[in-house]
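You will see chain A twice below: alongside chain B first, and alongside chain C after that.
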Partner chain A sequence: MAKEYSVIGKSKVKVDGLEKVLGTTKFASDYSLPDMLYGRVFRSTVPHATVKKLYLEKARALDGVEAVLDYHDIPGKNRFGIIIKDEPCLVDDKIRRYGDALAVVAAKSPEILEEALALIEVDYDEIEPIFTFERALEADAPIIHGTTNIHQVKHLECGNVDEAFKKCDIIIENVYSTHRLSHMFIEPDAGIAYYDDDGLMTVVASTQNPHYDRNEVASLLGLPYNQVRVIQAATGGAFGGKLDISVQCHCALLTYHTRKPVKMVRSRSESTMVSAKRHPMTIEAKTGATRDGMLMAMEVKICSDTGAYASYGPAVITRAMVHCTGPYSIPNVRADATFVYTNNPMSGAFRGFGVPQVAVCHEGQMNALARKIGMDPVEIRIRNAHQIGSKLTTGQILENSVGFIETLEKAREKAAEVLS
Partner chain B sequence: MNKISISLNLNGEDRVIDVFPNRRVVDLLREDFKLTSVKEGCSEGECGACTVIFNGDAVTTCCMLAGQADQSTIITLEGLAKNGELDVLQQCFLDEGAVQCGYCTPGMILTAKALLMKNSSPTEEEIKVGMSGNLCRCTGYEKIHAAVKNAVEIYKQKLEQGGESIG
Partner chain C sequence: MKKRGKGVGSMWYGIGNTGLPNPAAAFVEVLGDGTANLMFGAADIGQGSGTAMAQLAAEALGITYEKVRVTWGDTRVTPDGGATSASRQTLITGNAVLKACEQAKGTLADVAAAYLGCQPEELDFSNNMVTKDGDATVTMTYHTLMAEMKTAGKMAVGAGYYNPTTTTLDPEDMSGIPYEVYSYATTICEVEVDTETGEVDVLKVVSAHDVGQTINQSMVEGQIEGGVVMGQGFVLMEEIEVSDKDGSIKNPIFSKYIIPSNLDVPEIYPILVESEGGPGPFGAKGVGEPALIPIIPAIVAAIEDALDVRFTKLPIFPKDIVAAVKEKETDADNGVLN
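Up next is the complex of A and B:
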């Protein structure tokens, strides 16, 4: 007899459902405070350059403008980033992507704000922009960060791959390419910063990552953590795209200088321009099997573009590698991954952290193998599926809860039902 | 620029307001009337988050100027629940779990409402076409579709029992 649970197996009304169908849920852009200023960022219109001169005087002189700030106005550290601190709040050394933040403005109304932004001008010294993985690695390519355009290189190996390939009856080799994707969460990034009644710097934002945001705001303003508070507003979709800093630091910096609440709401185009993207990948794969469809060896080379800033690149490179065989047991595996910096939009977290990209590859290989051998594509998967006791490429032994074979069998039954 | 005077019926009340002619209706509703259920998603009429019922039609307010709202009747999500009682559509969205992040929800419910005000028994296909201008990025379309279908049934039963009509 099936067990009765209080929640599992029951249809429950969402705890925040009522406010949402009434339209009373407060998202970040719905907040308003007395004396509130409107903030926006002045962004670069070139992808790779140094700033010769930034002309802020006219905007500063405009009536109703309360702050026009550049990197000189940052009291603390001008670098953030979830894993590697390589992204400036406001550009100091050079521009690394189209849309890099050069200045922030706070004004009494959105109309004055727009007028002020139109008064800012900039002279650039342009540098050759790098838009491809291949160009990033060439010896004469300009360097985007530090001393090399290689963001990370990783290697993972188990068994004896070269020997195993010699014994395979069938070898399949293919190259897979996946493209850059935008999360396109329906609520553009937004937030409001203010000093609360106790003098705490407070930021209410559309975010997935309030604890991380708090640390970045504190570091930017040179404040101890206990002087900064970040509150997650109801968040209108994110899918990994609101794990990075968006408006939090810019808002907080404007509030720090004006002592007034500052609200920033990104337009759709601004949000799409500077939020993280899914890593585009090129994956070369070589898979070897016996005539009866048992996987013997796999060799994978993953190349990806993490864009202008690291964001979650270091997490994605690892996840892509350790998942490159998919849910299949292969005793001999060699995986190499190289991620580079370019002047493209930064790539970061996006549902699956690189795993969906490699899934395109391992599933493509399984289908190609099934076709070549003349075996049912579900059967070849069941034959090689992970189960309890399977050893992964990393050496981990799966000890419990491996439902892949059962799932495949159920799916096959269901498909037969639907198709009959 | 001189302000213009706008008269409209907003959620059942007659309102008059002076605004600049370049004010968009989404800002008029959100900023001037504080009706923040109206959401802005794309600012170009693609996503449907800013939908309201305008003279009986579902329209995206990010693409309308304030002058177009003069002498109009507008219903936002704030105007749907009556005397603390949820509209049938609101109840169905809640019961069916057709709400995830909630940002597309106001536009979804109002688009469905406008559809049912014109056609009280739409086919599945008519519901899909009717709702096609509203995007949900959490991809809850199945449940949204089911919620609208349930609402159609409940409205039908209410009408048969001699109760209120949809509009």
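Up next is the complex of A and C:
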């Protein structure tokens, strides 16, 4: 590029690089404070149930245990969620997944903590669990939230899809399915809560969104936003898996009641069990083109299971819909998506928000089309590629910064050089 | 038998939240010795947003990179940056940083112009110097400038926020402006498939990304390389198994949920494409999520090319390869043409 910059574009050493290399970076689990307590969550071992009785007395009576709390101990709102506030900090009405939080415990040592957790018992009234998309939609299925198991339904349409398909020389139809995945960030969720010298409720946590965390902690404790301070600790990877509340609210609640610092570090197993997963998707696609490879029409149907709580489900469904055509100009498009609640692990944000899933579909369709008409897979993409002036299915006109064709050409050129 | 194949995958990715306001803000103060404090909410999760913001501020203020000190992700000190998600921080917090720096620079330029005897808009700020455009003899150091600021009783502070231009999408047909700008990418890869064991070896990967404008070359390349490896795991190794008895995750630990290791990393050739005119800082877009996406369909296509078999279901584990090879052989024995 012709632009001359002094700093931009240069491979400057990362501002936090030296500490990471030396191993001196402080992650949330490295924090330690005087009189600090260790906290952990008592979780459900059934996926769908009401709690008949929670037996906390024995744990409370154990020497060295400073707090055993359930939902009665929450001074403010017992619901959080980035878009829809449907997840309890501690279960009040019912359990919606394996691993739902029923109680939190703070103790003077990790050993006492473990002993206390083993003393907690629970009687459940179990409800039929829903584990499949199909069952969630049946009329006699139990309802997980509110009045329907449908989390969200979206419809996108432009042009005249049915007419356009009639004029296509080639139609490609496939059903794609993608699976549930875990972020497996290297550092499991961790945090520490304490009152600072000014009496401010402070939470240091591994997170992707400290200001959102602040608002949720304040709402849980019934405090004004400026009475809560959240500090992002150095974070050991996230990939979307640390966008939801993890330990922040549980830690803060224990500190609120004990007035002491409380640290929580999830085990790998606990972290994976309750953090959001990638939405598994089933995607039906029908693509119509002319025999010289020009895309004319596309029809897409997406079904997904958002699990027990909304989390980033509404963001995933919307983004998947907008991106379902791939980076190609298709004048006639109809897409429908349905996400349902189930008692499966919560699906949420994961690097790409549904776009990796729909890319499996739109690229599968492009490659199938290229094979069918005997065209080079790069060439067919160039023919249909977004460029300046292209109109998207949403009606938006691309006005600048569209380098798609250049990525195709440059990749082809380099591949010719380095691939066998 | 070992068979090789090649595959292409492309993607686009809207930067920022879909059809929703999602602003971020930044504060800056240039200090008496020509260093600067920059504060913003955006959480750095290892991807390097803190470094990118320091580079943007240094460029905008005309000071060297080492003179910028960044503080992020502390709600008592930094303004809200929104989530580090949707590949949005370079575009959104980046523009907020530029706005904050422009405000501080406005005060600096007035003082510098008075000292140098020219107009503020004629000044170029770079490498800790302020110089009149086209006349290298009319110049002053930042050090002198800050001394002048002190004498004048002025302060170089700035606050800025940025919200990408989008519209709410129509509830009937989703028409509207979902994103202000899009990143694009194309990946071409080569794999070797062992038809007996079902193992897939990703050999070489070329991944070209339209990033608008590179902010930090090695960080962008690192993002792309990391994304490629995560994508290998997506297609070939990883799957969360859920119990259909109690809804628990059967493999929540690394010994049962296998991710790629350094031994799996192929030769990766990242290519940075820069496209003009975007709304981001110096035209930059996001790459955090785009880095992962195109390798996924590219690997699927390369396996299809190697085996001449279609795959529409992910993941593709060795058992799936072996089953597909067997099915193809059976079809061939029965005279079915693929």
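The criterion applied here is as follows: the second predicted complex is superposed on the first by the 412 of 420 C-alpha atoms of A that agree within 3 Å, B and C clash if a C-alpha of one lies under 4 Å from a C-alpha of the other, contacts with A are read in each partner's own complex, and residues count from 1 in each chain.
Keep in mind that, in the parts below, a residue touches a chain if its C-beta (ideal position, glycine included) is under 8 Å from a C-beta of that chain, and two chains touch if they have at least 3 such contacts.
No experiment lies behind these values; they were computed from the predicted model shown.
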Margin query: Contact-wise, after the overlay, does A:Leu22 reach chain B, chain C, both or neither (first, second, both, neither)?
Written below: first
Note to self: Quick check for you: in the superposed arrangement, does A:Asp30 touch first (chain B), second (chain C), both or neither?
What the structure shows: first
Next item on the list: Examine A:Phe131 and indicate which partner it touches, taking first as chain B and second as chain C; both and neither are also allowed.
Entry: second
Notebook entry, point to check: First (chain B), second (chain C), both or neither: which does A:Pro188 touch?
Noted result: first
Next item on the list: Report for A:Ser11: first if it touches chain B alone, second if chain C alone, otherwise both or neither.
Entry: both
Next item on the list: Would you sort A:Thr407 into first (chain B), second (chain C), both or neither based on which partner it touches?
Entry: second
Notebook entry, point to check: In the superposed arrangement, does A:Thr235 touch chain B (first), chain C (second), both or neither?
Noted result: both
Note to self: According to the stated criteria, A:Ala368 is in contact with first (chain B), second (chain C), both, or neither; which is it?
What the structure shows: second
Next item on the list: Could you say whether A:Leu156 touches chain B, chain C, both of them, or neither, answering first, second, both or neither?
Entry: second
Next item on the list: May I ask you to name which of chain B and chain C touches more residues of chain A?
Entry: C
Checklist line | Overlap of chain C and chain B interfaces on chain A (superposed complexes) | finding: 11, 14, 16-17, 184, 235-237, 239, 268
Next item on the list: Mind listing the chain A positions that touch chain B in their complex?
Entry: 11, 13-14, 16-27, 29-30, 183-188, 234-237, 239, 265, 267-268
Check: Which residues, counting only chain C, touch chain A once they are in their complex?
Finding: 4, 6-14, 17-19, 41, 43-46, 48, 50-51, 54-56, 58-59, 62, 64-65, 70, 72-76, 80-86, 126-127, 169, 172-179, 181-182, 184-188, 190, 203-204, 206-210, 212-219, 227, 230-231, 234, 238-240, 242-244, 246-249, 252-254, 257, 259, 267, 269, 271, 273-279, 282-283, 285, 288-289, 292-294, 296-298, 300-301, 304, 310, 312-315
Checklist line | In the complex with chain C, residue positions of chain A that touch it | finding: 1, 3, 5-12, 14-17, 45-48, 82, 97-99, 129, 131, 154-158, 174-182, 184, 200, 207-212, 214, 228-232, 235-240, 242-243, 268-269, 271-273, 277, 312, 315, 318-319, 321-323, 326-327, 343-345, 349, 351-353, 355-356, 359-360, 363-364, 366-368, 377-378, 381, 386, 393-396, 398-404, 406-408, 410-412, 414-415, 418-420
Next item on the list: Could you please specify the touching residues of chain B with respect to chain A in the complex?
Entry: 36-37, 39-44, 47, 49, 76-78, 81, 86, 90-91, 93-95, 97, 99-106, 109, 135-138
